[in-house]
């Protein structure tokens, strides 16, 4: 059997993905921050400015939201994408936003600097193929119960279509634990570093689901070799449309970036 | 919060789904059988005849196949659907086949008597909505790590679009066990019977991944209240395109139906 | 490596364990029933009479209770064993009761007809060795997270000391599920039947933790080949010292035995 | 309900446990290192000298070994304890060693500076009580499937007997993952820091089961707030009696301590 395109076997050196001048997978750690969902133009611009000032280098925010219940807020759709574009125009921060439907991929590609594929869609193979046909980097979140091989093969679906700019993201797995929302499986960071040349980032917000654990687990992620973090942050966490238990304030984000920078330095990385 | 449409609270009596004269969710147990994937017209017709003779009342077979690797056989697509139609024409058996992509839903709807949504797509919300817009019953497989609430909410995505003909299918969850491919979680049968009015069937083939366990787990499924079984069976299991470890022969299917009928009778059901 | 004594490889024919004339592992299904814990002489005698009348053939009840908290009721100790002896004298029902401490093994051996090793102690190797030195059959419960190999090796610890009268018991594993207390892993019944000659019983009470699921899962257990059931039952479930959510009434036990007998018959077994 | 003795509610300030002048739970990180099992006097002395020189401050090594199979090496027993004493005499390193049997507790207490309770015995309540009656600190390993409440209640069994010098140890949980032996659940470090005043250390060797992951996961453990590490190290890892895949060399231990020290400093700790 031939080695996967995404495997170290196929390519020894680390893949570095450049997005608007920011390098992911290089010596410097990237911090992507923002709200769970986009809910208004004013708010997303305000948050974008705030996370930029706190030190984040990219803006996250969902316009299409995968929700357990069909009756929960499903996102603003294209309007949300336009608001993200406005926030980018104001701040210069590149946009990371999710695509959930093959039919929206072109639309998301138009607005996003990085297209996110969510955990629930990690084995939505049609969606992966469509992401592979875009010209934008893809942030692929690990499924809640994905093995490392399934994760790499999901990335391969994207790569096989010709898009090799893929960022892997550990965001917690489902175990018997209930004290956190999911169980952050940090050992996958060194494991992936052995098996693939792709950059790996960590989402401590979704993994733990608890505000107070976002800081320590961010430090841990960087200490074991992650290339970046994706953090839910909001100017007013209590107003967050969803996931408010895990959303940190801008002040907390600032502290997180400062403290994590020290850990990054201790393992020979910058931020 | 309002009760889900799929909940017992919304509707007390059991939903019975009629497909070409066969009732699912009524007193009689249904057995759906067939190969993992359709690979040729001759073969699928041969298998259809064989499973019918063995006692199955519907034919399963995949034209669109979700596969871990992008380099594995992805199914025959529309041609496979046409071969299924040919098998139906020969035998009268209604067809259960999977849709994986919103853009193929109309096509699958045209050929399928029951549209299957696979475990990996249980939270592919766009796909669920599209299935909800069809006129055909939907067989919704439980995700590998889905809680009972996530499972019911996934069904609700279909129901919310106006399609209330939904069949739930337990097909194993992912646990620490490795002696079976997945862990068949049969307790969900009585749990779902309490919470929902929808019929529930069990897939012991995917759940266990082991031929020898298909018979005993089929009996167990019926004993605890399942309304039916979906079984991988092939005239030549060794030639099965995928999943051959769990595919039973026609002879074994015949035995399974005979022996399971006795169990069905012992719990006051027919077959 | 040599085959384990408990393996089919070492001994082809099923081991049948005879306890006071009752055979476990033979054609007839055994039902062991009783309260979680012994709390008074009068109560345990009353329950013993009631479960006997309902059709159970052995009495379960704990004198030494493993409890998560050190401040929960820890069982009556030797006094509880004496009350079990009194109940046996009144009804003739053999006693199944747990040993938790190597230092109590001789004491438990004196009163018990079958010595139970609980799930939390499945890899308490000192306790297993001590059980292996007794003259009484041992009921070994599967640990919450035990693989099939760990389970069989735990049994081997007992067999290696010279006691080959071991009954294995599936009682649920820990998974991400929370709708049941544990996840009943019934596929292990046919799997163990292949790998070992020892009898296998199922504990649907601890596995599900829910009264309403005890009946359907008992039927399922017998349907897939279990040799018996161990059921928490009480003359007054609401008064049960612990585990009351899963304890069934005597009336429910009677129904369970009647209905399960039909399933047993349908798979060629008696009760 | 009254708060547990081990809870933050009962005692606000961190418990610092002093062992031969070394403080566990204070500002400085402790590193405990040594082989899985003691196999000879010469070897354990040689390893003790080597780990000391590499920077470790305590020696670990098993004289009583819990093994899945009864036919695997079960440890040297008292002779092993004597060899550990000899190693202590030579190097001054305090000894961490496991007790598995209530009847050996006095013996282990005599030789050990810290008595270890292994993961499989986390709910061996008799053993916990016996450890609670000793005068030595207890290192309590988390069970493979223990919830945080079960873990704290297990510690409470020890504390309830009057021994409040307890060190908690995260050593991996069992999940669906197979790329590591267990899944290191580092989020429990900040979670425990909130709930208990007891010190928390991490065992990356058993958690991952893979030599190459011991270093990155050690860094991560310290980054998220662990008070120490327990590491399997050997002068000749290939000769290690068991667990050789996860045992690091002395050279690797030296690097680990140097690199982890930098991370410790970055989070305001010393080593």
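The first chain written gets the first letter, and so on, giving A, B, C and D; residue counts start at 1 in each chain.
As a working rule, a contact is a pair of C-beta atoms (placed from the backbone, for glycine too) under 8 Å apart; a residue touches a chain by one contact, two chains touch by 3 or more.
Owing to the predicted nature of the structure, the values given are computational and were not obtained by experimental measurement.
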item: Shared chain contacts [subunit C and subunit D, defined touch]; value: A, B
item: Farthest-lying chain, centroid of Cα atoms versus that of subunit D; value: B
item: Averaged-CA centre spacing for the pair subunit C and subunit A, given as whole angstrom; value: 48
item: Where subunit A and subunit B are represented by their mean Cα positions, the distance between them in whole Å; value: 34
item: Interface hub residues of subunit D, defined as touching at least two other chains; value: 145, 174-176, 178
item: Subunit D residues within the subunit A interface of the complex; value: 145, 147-148, 173, 175-180, 183-191, 194, 207-208, 212-213, 216-217, 219-225, 259, 262-263, 265-267
item: Residue ranges of subunit C in contact with subunit D within the complex; value: 2, 66-71, 100-103, 120-121, 123-127, 129, 144-145, 149-150, 153, 156-157, 160, 174
item: Subunit D residues within the subunit B interface of the complex; value: 174-176, 178
